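Structures follow.
The same chain A turns up in both complexes below, where it pairs with chain B and then with chain C.
This part shows the complex of A and B:
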């Protein structure tokens, strides 16, 4: 909140559509912004974890004696100890499959087995290193395609949580690693393939990725008389409360989850991660317990699914996609986390943003003996777009149709039906393509380089559905001086949601956005929200905030009218309160909530008339240069265009597009979690897991949100946090093909893989 | 784990201070845990990300790799020292105006490095900015905005 802006300075000026500077800007540039990372409490114990060194095995014994003997160690806790306070210590949003500490079995290298508590974190860390465990090693399975039919089972029995109806049929299922099997069946696919002029079939792969938020996972649990407070760097405080209450068998009101600013989330910090362990340790110790994971440990908590995507298209003589078959295997790791939702919610868009009458999708979440995979900016969409837009480009080039023209010929338009059965509304696919092409000068001659430096360009476009149905609540509290505070659980992890939400409140109340304060989430006071993920907040919370502010305004106008005052923002409200209560006293509460509409998929066809309240669209255009002697790629130009509806804060929207695209660029070029054949991660460190630095940024980056309006969105807006990721990977691969005529089917696109492909293409393949 | 402690004396953001430390304590831990200055943060823990950047005797260091014992007698400054009497430095203002951060966790390091650059090179080229900031990582990838902010501050300070 900026108190330097006067209460009546901007009344009636438009707050929506204005690039309001971030509310927390001064706090962030002075180092004073609050993060849970910084939280210190008197009497706190620090927890450090001992992790499994094998990928799959039965626990025979855990020797904690040496750790307990270390001076300064408070206690050492194993899975069996946790049963004393939580008899069924298994958590997870889709399956109750993840033990707080390993019980009976370990299922991946890095799984938490025991925890040490000490007042000095160095003592706890040292002691954790003295713990040993004996296992009966079991065969393990790592590849998602192998695991789908393997006789090695990660879990003996599937234990779906009650939350998702489409997982119910998996309850009690044994002898399988398939944790979700989404199917779409539309039209006569076999006939379409039989009569096709051309058939194309490819298999694409993506690698394991970690979010690496720079504020590593951190939580502090504070046991009180008959309740517990959890300070946590979480994107989902309401879910933390709900899941901890379920584990403890307590009512929700005895669990309080609060957050501060998040030092990055990107999907890593959704649902619960280290919170159940921190709470269990605090309740056992009857002392506050803080756990701050290291960057290295983060790699063993959650990651992004590796995938195998087999895609096959039937093309008519006039270059239209008549049918498409998609088979996607998602490597979910040892625990489901939210992976099954990723494989379903993304899976149903596997055919891409095209008019396809006949479609068949099989999208399966597969357990393996690797670290768990869950939500990551894009919620599975980048993996899918990588495959379907590489495939689409191969088809266009093979048929000698311009890749832009081939896409525009097949792209979905408003009013047309997506293969899921949902009709497209406010989805500016064609405009996104047109704007990318215009910015790139697609119809202009292009310098293709000479000698060993070859240039190429490529485009790609993707689509994502929002997570539905979900619910957001918001509360606006207006004090007797007329100033307003917004209470909501949307977490500002860098996307400037607090600023955008303040703009919505201000727009409705007719005051300046800088005058509105937004609280940090605290489930004791901030109302329910499903969570900050999947670009859902601008739409869902945006509606709730708008409604709460409207509710407040109605009451404020009535208060003013009662005192014979004309409502005109804060000062009039202050007068109204003084008239009514005889002094500066009182509050007015405006409440609002919003639930998106959704129709569950038909169990046989997988189709639904309403899979999402809005569509996210993102495309990219890339110009690059390939060094044919080294395989090194230099991205010269990156054009990112999205449909974000109407921008509430244009500068923030641009930063979201740019940040998402650059993050995806890193995942395209360098990022990869590399495992040994025994499932051991070789590179859990920023030294060997290479994320983009300032030298990796293309010389030219252009970002654009097309002119658009989401008619059912708050003030015409919709989510934008992920759209910039969609097109990047395939646009780069398509540009590499354009430059040197080689096609790559696996991410990341390393110089080695490119050079190998160049050598193979000229008939001189390199040895492995 | 029992270790001998010792007392170090140094200047922190212009004020003389002393701290009791163990040999394994990093300067970052001391600045944060003893003096409550939270602007520098440990992220990668290996001196690769720049989130823990501190200035020691006018030179940028990775606080997570600097042993506190070596700071005895030194002059240490942190991001908290950039604003004077609540007035933001031109770089801080430019970072806000250009939106040169998202989550903000790495921002202190970028600010200290950019301040160091402009102190010795008031008109840096784009390449010089990139080179000087190449040890700082931003997972939100606000690099283009950081570049613009440093250029804007340089223009204003000229």
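This part shows the complex of A and C:
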């Protein structure tokens, strides 16, 4: 809160649509912002984990004696010890499949098997290195397509959580690695293919990726008399409370989860991750326990699904997509986490943002013996767009139709029905394409380079549905001087949500955004919110905040009226309080909540009239140069255009777009978790897992949010945290094809893979 | 200086961190027969190895306090450029002397790792580490640099070529220190280095190509062609050097036939290793392309 802004300074200025500087900016750049990582508590024990070195095996014995013998070790805990306080120690949002520490079996290299507690983290780490385990090794399965039909089963039985009614039918299912198989059946697909003028069919792949938040997972559990406080770097404190309470069999109010600023999340820190273990250790030790994972350990917690996507389209003589068949295999790793939601909620948009009368989707979450995969900025959409926009480009080029024109010919418009059965509303697809093309000068002649440096350009566009139905609550507390505090569980992990939410409160109350403070999430005081993920917060929490502020304003107006004062923002409120209570005293509480509308998918057709409260749309245009002798790519220009509805804070919207696009660029060009044939990760380190550095950033990046309004959104807005990721990967591959005439089907697009494709196209394949 | 944490004694393998004030003192703290005793320059390579648990020290001898004596950059009386063993890579990057007498180093530095590493990493560490995926050893091999080594029995000098003997292997004894590097002044010498990465731009090199050409009267008299990073150690390519010796300079390039011979030599005379940065076959192609680009860059220098 900027106290330098005087109460009456900005009273008439619009708060929404103003690029208010980030509220936490100064604290962050001066190193004063609070992070759980820096939290010190007296008497704390540090936990370090011993992890499985094999991908699949039955645990025969765990030898902790050497670790226990180390001076300074408080205790060593295995999965069986945890049963003493949590009889059923399995957690997970979709399936209760993940043991807090391995029980009976290990299912991936890196799975936590035992934990050591010591006052000194170095002692704990050293002792953890002395633990050994004996296993009966079992055959393992790593590839998602193989695992779909393999007779090697990662889990004996499916154990869906009660949270999602549509997973209920999977309860008790045995002999399968398919954790969820979403199906969409629309129209007569077979007939459409039979009468098609052209049929195209391709298979695309994406690789395993890690979120790499620069603040690795950290949590500190503090056991109190009959309750527990969890200080955690989490995107979902309300869920942490819920899940810990469920595991312990306690009422929710005995579990308190609180956060500080997050050093990045990107979907890694949703639901629960290390919290169940930290809580169990603290309750067993009766001491506060802190675990701070290393960057290296993060690779074994959660990642982004590797995928195989088989896509087939029927095209009419006039270049329209008559039918599309999509078969998507999501490599979910050993534990489901929120993966089944990714395969369904994103899976149903696998056909892309196009008018397609006949569609068939099979989108399956598959268990494998690799580290778990879950939510990751884009929630599965970037994997899908990679495939359908590469495929779409191949079709356009093959039919000699301009790729922009082909897309515009088939793109969905407002009022038209998406293949899921939901009618498009406030979805500016065509405008996004038009703006990308305008910025790139798509209809202008283009310098294609000479000699060994060839230039090309490509575009791509994608769509995402919001996760629904979900609920947000907010509480606005107006003090007697007219300043306000917003209590909400939306986690500011760098996306400036606190600033945007303060702007909403300020707009409604008619005060300056700088006069609104936003608290950090603390489930003892901040009301319920589903979580900060999937770009849902601006829309859902935005509504809740707006309603809470409106509720406060109604009461404030009444308070003023009672004292014969005309409501005019902060100063009038101060007068009103003084008049009523005789001094500067009192509070007004405004509460609000919002649940998005949703209609469950028909179990047979997979269709629904209302799959999402709003659509996220993002496109990219890329100009690049390929060195034909080495395969090196230089991105000369990156254009990112999205429909984010009306921007609450235009500057923040712009940085969300560029941040998302650059993150996706790294995943397109360099990032890859590389496993051996035994499922061991070879590069769990930022030294060998390469995210882009400053020299990898394109020389020119343009970001734009098109003129748009989300009519059912708070002040016309909607989420924008992920939209910038959608188009990047295929736009780059499409530009490479444009430059050198080769098509790549697998990410990442390494220089070697490009060079090999160039050689192969010349008929002179490079030896292996 | 012990870690000073009593509770840790007997538990973790404790190690000493010593900070000698003089070179003789430093030498006396090293050990020829104990690989767990090592000198530490900037510590950037050592820390990575300790974190990965591939190196567990018993004693680290920090050379930090020797920087005032061994961290300089100067010309000697014969005009050779002398880089102190404790000179940091960023001091090389910003040195006017280096720019005048070995601009190939100045040009390479901004691409070497990142500014944080360059600020502390030292010339001695960059050479003694002998990780093949490094830039400076390849460049210094092309410049025929001499490495000055101090040991208990006095000083000796080795060419970089002779210092680095293999994959993480050097001719240094455990109780020897690199005190400096000298690059002789060679009239008419033009040099170039191309760092080629295949992942992020600030990655370790997948391939480094360094060459120096001694030119006079429109000809190349002698040449050194060195391939690094894709090989176990910086590797000279005599056949390519022979092809270049005597070649007529045509503007900033050479006759096509000469370039073909050079290309063929680096492709056929060197074994390229396959790793996460690329296959051997791909790196061979990179070498073919970049050796020619390096020739052009050197002739333009």
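Keep this in mind: the second predicted complex is superposed on the first by the 768 of 768 C-alpha atoms of A that agree within 3 Å, B and C clash if a C-alpha of one lies under 4 Å from a C-alpha of the other, contacts with A are read in each partner's own complex, and residues count from 1 in each chain.
Just so we're on the same page, a residue touches a chain if its C-beta (ideal position, glycine included) is under 8 Å from a C-beta of that chain, and two chains touch if they have at least 3 such contacts.
Since this is a predicted model, take the numbers as computed values, not measurements.
> Does chain B (first) or chain C (second) touch A:683, or do both, or does neither?
Second partner only, chain C.
> Identify which of chain B and chain C touches the larger number of residues of chain A.
Touched residues of chain A are more numerous for B.
> Regarding the shared-chain residue A:123, is it in contact with chain B (first), chain C (second), both, or neither?
A:123 sits against chain B and chain C alike.
> Report for A:658: first if it touches chain B alone, second if chain C alone, otherwise both or neither.
first
> Quick one: is A:554 in contact with chain B, with chain C, with both, or with neither? Answer first, second, both or neither.
Neither chain B nor chain C is touched by A:554.
> Which of the two partners, first being chain B and second being chain C, lies in contact with A:587: first, second, both, or neither?
neither
> Which holds for A:72: it touches chain B only (first), chain C only (second), both, or neither?
A:72 contacts both chain B and chain C.
> Using the superposition on chain A described above, determine whether A:630 touches chain B (first), chain C (second), both, or neither.
It touches chain C, and chain B stays clear.
> What is the contact status of A:195 with respect to chain B (first) and chain C (second): first, second, both, or neither?
neither
> When the two structures are overlaid on chain A, which partner does A:692 contact: first (chain B), second (chain C), both, or neither?
Both partners.
> From the superposed pair, tell me which chain A residues show up as contacts to chain B and also as contacts to chain C.
The answer is residues 70-72, 120, 122-123, 126, 666, 685, 687, 691-695 of chain A.
> Touching chain A in the complex: which residues of chain C?
Interface residues on the chain C side: 5, 7-8, 10-12, 48, 52, 111, 114, 196, 198-203, 276, 278-279, 281-282, 285-286, 289-290.
> For chain A, which residues are in contact with chain C within the complex?
70-72, 119-120, 122-123, 126, 629-630, 666, 670, 674, 682-683, 685, 687-688, 690-696, 750-752, 755-756, 766-768
> Which of the residues in chain A come into contact with chain B in the complex?
Its residues touching chain B are 21-22, 24-33, 35, 37-38, 40, 70-72, 120, 122-123, 126, 211-216, 261-266, 294-296, 493-496, 651-652, 655, 658-659, 662-663, 666, 685-687, 691-695, 697, 701.
> Help me check something: in the complex, which residues belonging to chain B touch chain A?
1-2, 24, 32-33, 37-41, 43-46, 48-49, 51, 78-80, 82-83, 88, 92, 95-97, 99, 101-108, 111, 130, 133-134, 136-147
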